[in-house]
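Labels for the chains are A, B, C and D, by order of writing; each one numbers its residues from 1.
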Amino acid sequence: MDEIIQRIRDNFGVLREHRQRDDLAEVWIEPRHVLPLLTWLKEHTPFVQLTHLSAVDWLEDGEFQLTYLLTDPVGRRSLMVAVRISREEATAESVHTLWAHAVTYEQEINEMFGIHFPGSPRQGVPFILEGWDDIPPMRRDFDTVEYMNRHHPSRPGREHTDPRRYIGQVVGEKGYLHD
Amino acid sequence: MASSKFPLAPPEHSRPHAPMGEGCFLGETERQQPLALKEALAKIKNWFRANSLWVMAYGTGCGSIELRPLTTARFDMERFGMAMRPTPRQSNVLIISGYLSVKSLKRVIRAYEQMPSPKWVVGLGSCTINGGMYWDSYNTINRLDLYVPVDLYIAGCMPRPEALLEGFGVLMEKIKAGEANGWNHYLEQMDWYKENQKKLITDWDLPDYNW
Amino acid sequence: MTEQTALERRVQLWFGPQHPGITGNMAVQAWLEGDTLTSGVTHVGYLHRGFEKLMERRKFIQSFPIVCRICVPEPDTNEWLLAASIEELSGLDKEVPEKARWIRTLFLEMSRLSSMLMVLGGHVGAMGLGTAPNWLITLRDYILDRFEELTGARVYHMYVTYGGVRRDLPEGFAERLEANLQEIESKLPLVDNVIFDSAVFRKRAIGVGVVPEEWVDELGLTGPIVRAMGIARDTRTDYPYEKYGELDIEPMTTTGSDIFARAWMRRLEIAQSIDLIRQILAKMPTEGPYSAKLPNMLTWTIPAGETYVRAEASRGEMGYYVVTDGSDKIRRVHVRGPSYVHGVTLLERLMPGTNIADLSALMVSLQVCPPEIER
Amino acid sequence: MSLKYTIAPFSAWLQAVSKPFTVPVTGGPRPGAPRYRGWHINDVEKCIGCGTCSAICQNEAIDMVPVDDPVVGDSGLRPKIDYGRCCWCALCVDVCPSGSLGMSNEYVWADTDADVFRYIPGVDEKPWDDSELGWRREEGFELVDHDRVPMGMLDPDERTQTWAEVVIGYTEEQARVEASRCVDCGLCVAACPAHMHIPDYIGAIRDGDDARAVQIIYDNNAMPEMCGKVCTRRCESVCSIGVQGDPLAIRWLKRYATERFDNLAEVLQPQVERVGEGRTVAVIGGGPSGLTVAYYLAIRGFEVTVHEALPQVGGATFFGIPRYRFPMSSLEKQVDLLKSAGVKFVLNHRVDGDELTRMLAENDAVFMGVGLMKPMALRAPGEDLPGVIPALDMLREQNLGHEVDVGEKVVVVGGGNVAIDASRISRRLGAEVTIAYRRRVVDMPADDEEIEDAEAEGVEIVTQAIPLRVEATEDGKLDFVWGPAEMVQEEEGKRPRPKLIEGVENHLVVDRVIVAIGQGPDLDWLPTEISEKICNKWGYIEVDETGMTAVEGLYAGGDLVNDTADAISAIADGLRAVNGIVDKTRAQHV
């Protein structure tokens, strides 16, 4: 593991790295290195399987993170390759030429996060949702409760009394440092 | 509460409709029969109906996993005249087994409308009543009775097979008493149901009624 | 009559979502020439509830009841994966008591057993043979009775939490479980008769739905599909978690990579599971706490971090990719279900050339579980 | 395909003669497992309406609804469960701080009406209310933290050698951990006489925002550092976590937050309308109630003068509390805040009747909080002997820095906090101390922790001891004679009364008998025309809901007015008077 990370460091440059467990490491790299690095890992190292590809929305940083989890099934260890891309552009290189099932992952991320993978088949084809007319639901700025209230009314007739507020009200809780 | 988006439910909505017992709203015409005979015939019909509930095998959600044991010898639903049928055309009970995504709802409406009358809808679990544990999900409905008429709710998450059997017992009683008329209600209040359905299903591409 | 082109001869057929042969609530859009599929596309989303979104707005303890719903036949792997990943990120994993680890292992293995009993029946059920599935569902029901006794619920157990499990084993649990195992064992030869010794099943399963070995790495296949090719790969032995490392366990393998091989694989694993449960019961300590001391779950925050934790579900490798940001909620969780690959890419690749009548059996043998694809 | 494979499946027919295993339907559905999670049940008597079940429910299935009038320690709310939301995870049961919520093992409920699936367990009658089986809370699996972060204290041996503060105080990390135990139920708010915003400042401490915590604390308590050290903390006695575990250390958390900042005026920044501009208020008595009035009126523009008989303000918190519990520096910090708000102090000045009349004429309002200054007598022969001293006198002398001689052996009569303070001071002065109390240890009004601390410091406690008389011995010592008592339950529901066992006499030869059995009001100095208006038959002062007495413009508060006689009640009285004075001023503006 250390040797492979050292080689990634030398050849591709690592922005940040983290060793979560003996059999799990994570490296953050620049977006332009994704395809070359993953190709190299698949062709020349034992990390041949793409276990999953997922996205994280770092709304406050204005970035998406794509995490590729590569597994070495013989050596029984995994490497997470993470890349931060701009939330504005939200475009990343497709890896479906390396792993066929990446198409599904990219299709889902395209639908749920609105990240575009040019060249990947099925981009823009609905995978899970049907007739979706809002911002992609997995984005952090999508408010599911607000959406639920608009589209899926709840059964009326419920009333909750928050004990903390109720008690304050009953006893006449008051502040004196402000009017 | 954002229910203002939806029209107010008709007064009798979600409650058993006034006992009809006889015929179907769109079908049979008034026949010149004495009232006593009419009532007796209705009773007989309802008795037969209650004792041959055929359930459509459509697992709309997680609750359907507890339907499967019902068909085994352990819980044996067939002793109550109930059986699983593969197609809506052969069934008269539609079980909504829990939460319903918007995508499924569209298929459920279609399947429901294809079922021959008389037909009954059973809502399983919390999700059909008030959204259950997916109440805040953007993709699941919270109230089933806005879209299809529900004749019986069985609470649980999920209701276990024995609860289902008990629930079907209640349904049978209601049918025998001529009180389970959701299918009639659906036809009477078609506009209201369609309005709700179309409001939610934005890419509506179904015929307005699937005979 | 004019000669039809190949394209004109094709029939488009929707298989599901309302179809008794489909695995759960999903659909396959298939194109057929005669009764042979030329291509097909998997459609999911009928069960989408947005778990990953919902968990982002729930506290850690509030996330735990929801995850078991991700896979209905085998909810417990999800519970364990969430607990294990959060424990790893919070450092609570060092405090999980010994006994809790044993109970968890038992729990996971019982869950695998019940799931495999169900799917083994599904293999023949999909071919229209009703006897074996009804028996096997009943046998699974006996395990559910034990689950009910242990956890308080039949299907959604909500039993494994951060720091351990929620309750101790009830009095006499091991004996009753053993009685169930014996019942299952006594029925298995009968089941063999109607499945593996059935001419119908053999004819329709042998040589059908063969998954080539090259696809394993290309598609990231895992679990019984890989083991049915003769490759001994099992998360339980490759990445031993909980107490699997202390059990006498060898990955089961069969050869042929067809529906029969995968069904036989499950049959072997049922026996293996029964053996493992007995080992666990024998080795489990009787005394000791079953849960670590927990902080106030309403205000619990854990440090920022990322991890991926995997476990062997009956369908293959299930994994949770969890990101935390130091708050009291999960930042992002990605559930990597084995069906994600098996039910979409692999199924779509296998469909061309398959007989339409075999499609259902093929899906069962890949053990496609739609809720874990769309979550 | 061999013949075997054609024949083998027919073996299934053998099952036709096997024993059926169908679950019968007669006799109702199969009972759920002993710990099945079915419909909720609730022991409404045990339930305290804290709403923790509702807070942990991820489905928002639990509404708290009022079913009874709120009382201290019980909000009167009870959970109502919506089975259109419930997922039977039983987190509500496992978290329940009072252990009242449970689940029955019943699971069948089918109805045609979707609106019926809601009820208040324990209030709305259900067939499963008396279910013996089902999921219950279990020891060993707690979702809240029952264990308080222990407070660091000086070693008992070390304590008796020094006047330094016994309690060391939480570190930042300890405070955050302790604060995170709060479940934000608010029961404490009702129990606190001043209704401090307890869950809010605990939340701020948990989130690491100590400045905000201090602002919240000072929002309705002008002497919180004192409260953080010596409060009687009724809040902790109703803490929902305290039902099954240790209550939250609310007092220590307040202490932690208030000790973080030296310059309070800078942190607080009150935002109030200066309604009192140009108006004057006189405060008689610089105790907690008077200082509270002074601070909150001063920040509103009133010109406040505090008149204090002793050379230092603080009232009972100055002269009545030993320095090892409430150091001088803390009190001075408090006074500095008042001074920065513009409060004027007249020290060493005892107000008399004429001056009070003059004050009432010259000021817009006068607040009187002079406390209880007359010690109760022992009411036994020998109470006037020279070595029999009231505990308060001894405490005052000690706190004024005067030499106090208690000799080598002391008996302290009483069981309140003053008795404990007197005995612990006597220990520090080098005496051997015995406390003689009429009832049992559980009946002692003193704080449990104080009692423990006193015992740790070597104070001996003799209970069920009724003083009979005090006699002077020949060598100048005192013979304290007491008789043992038995506890008699005279009336159901009342606390047992000690009854003297006749004929037995115990002797204790000591140098001092310190009497700490309470104090009464000392209002002889009041002009009769005022005192007959405002005093009741026991000599205490009566006020209306604005804190005002029957004399227009004369407000009162503190031990003189309330019957609990502790600092936080006095502060609450002060707040009431502030409200009254400010509202009146506002009304005059209009």
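In the analysis below, a contact is a pair of C-beta atoms (placed from the backbone, for glycine too) under 8 Å apart; a residue touches a chain by one contact, two chains touch by 3 or more.
These figures come from a predicted structure and were not determined experimentally.
Student: When I count C-beta pairs in contact, which pair ends up with more: A-C or A-B?
Tutor: A-C
Student: For chain A and chain C, what's the span in angstrom between their mean Cα positions?
Tutor: 24
Student: Counting in whole Å, what is the centre-to-centre distance of chain A and chain B, each centre being its mean C-alpha position?
Tutor: It comes to 40 Å between the two C-alpha centres.
Student: If you average the CA atoms of chain B and of chain C, how many Å lie between those two points?
Tutor: 31
Student: Approximately how many whole Å separate the CA-defined centres of chain A and chain D?
Tutor: 49
Student: Which positions in chain D are in touch with at least two other chains?
Tutor: Within chain D, residues 21, 58, 60, 82, 84, 87-88, 114-115, 184 contact more than one other chain.
Student: Can you pull out the residues of chain C that are in contact with at least two other chains?
Tutor: 45, 48, 50, 53-54, 57, 65-66, 138, 156
Student: Could you list the positions in chain B whose residues touch two or more of the other chains?
Tutor: In chain B, the residues touching two or more other chains are 73-74, 103, 129-131, 133, 135-140, 143, 157, 160.
Student: Could you draw the chains as nodes, link the ones that touch, and say if you get a line, ring, star, complete or other?
Tutor: Graph shape, chains as nodes and touching pairs as edges: complete.
Student: Which bits of chain B are touching chain D when the two form their complex?
Tutor: Within the complex, chain B touches chain D at residues 14-16, 73-76, 79, 123, 126, 128-133, 135-136, 143, 145, 150-157, 159-160, 162-163, 165-167, 170-171, 174, 179-180.
Student: In the complex, go through chain D and note every residue touching chain B.
Tutor: The contact residues of chain D facing chain B are 20-23, 25, 29-30, 58-61, 82-88, 107-115, 117.
Student: For chain A, which residues count as touching chain D in their complex?
Tutor: Answer in residue numbers: 155, 157-168, 170-179.
Student: Show me the residue ranges of chain A that touch chain B in the complex, using the header's touch definition.
Tutor: Touch list, chain A to chain B: 129-131, 133-134, 137, 142, 144-145, 147-156.
Student: Can you name the residues of chain C that touch chain D in the complex?
Tutor: Interface residues on the chain C side: 58-59, 61-66, 129, 131, 138, 145, 148-149, 152-153, 156, 158, 164, 166-168, 170, 190, 193-194, 197-200, 202-203, 289-291, 293-300.
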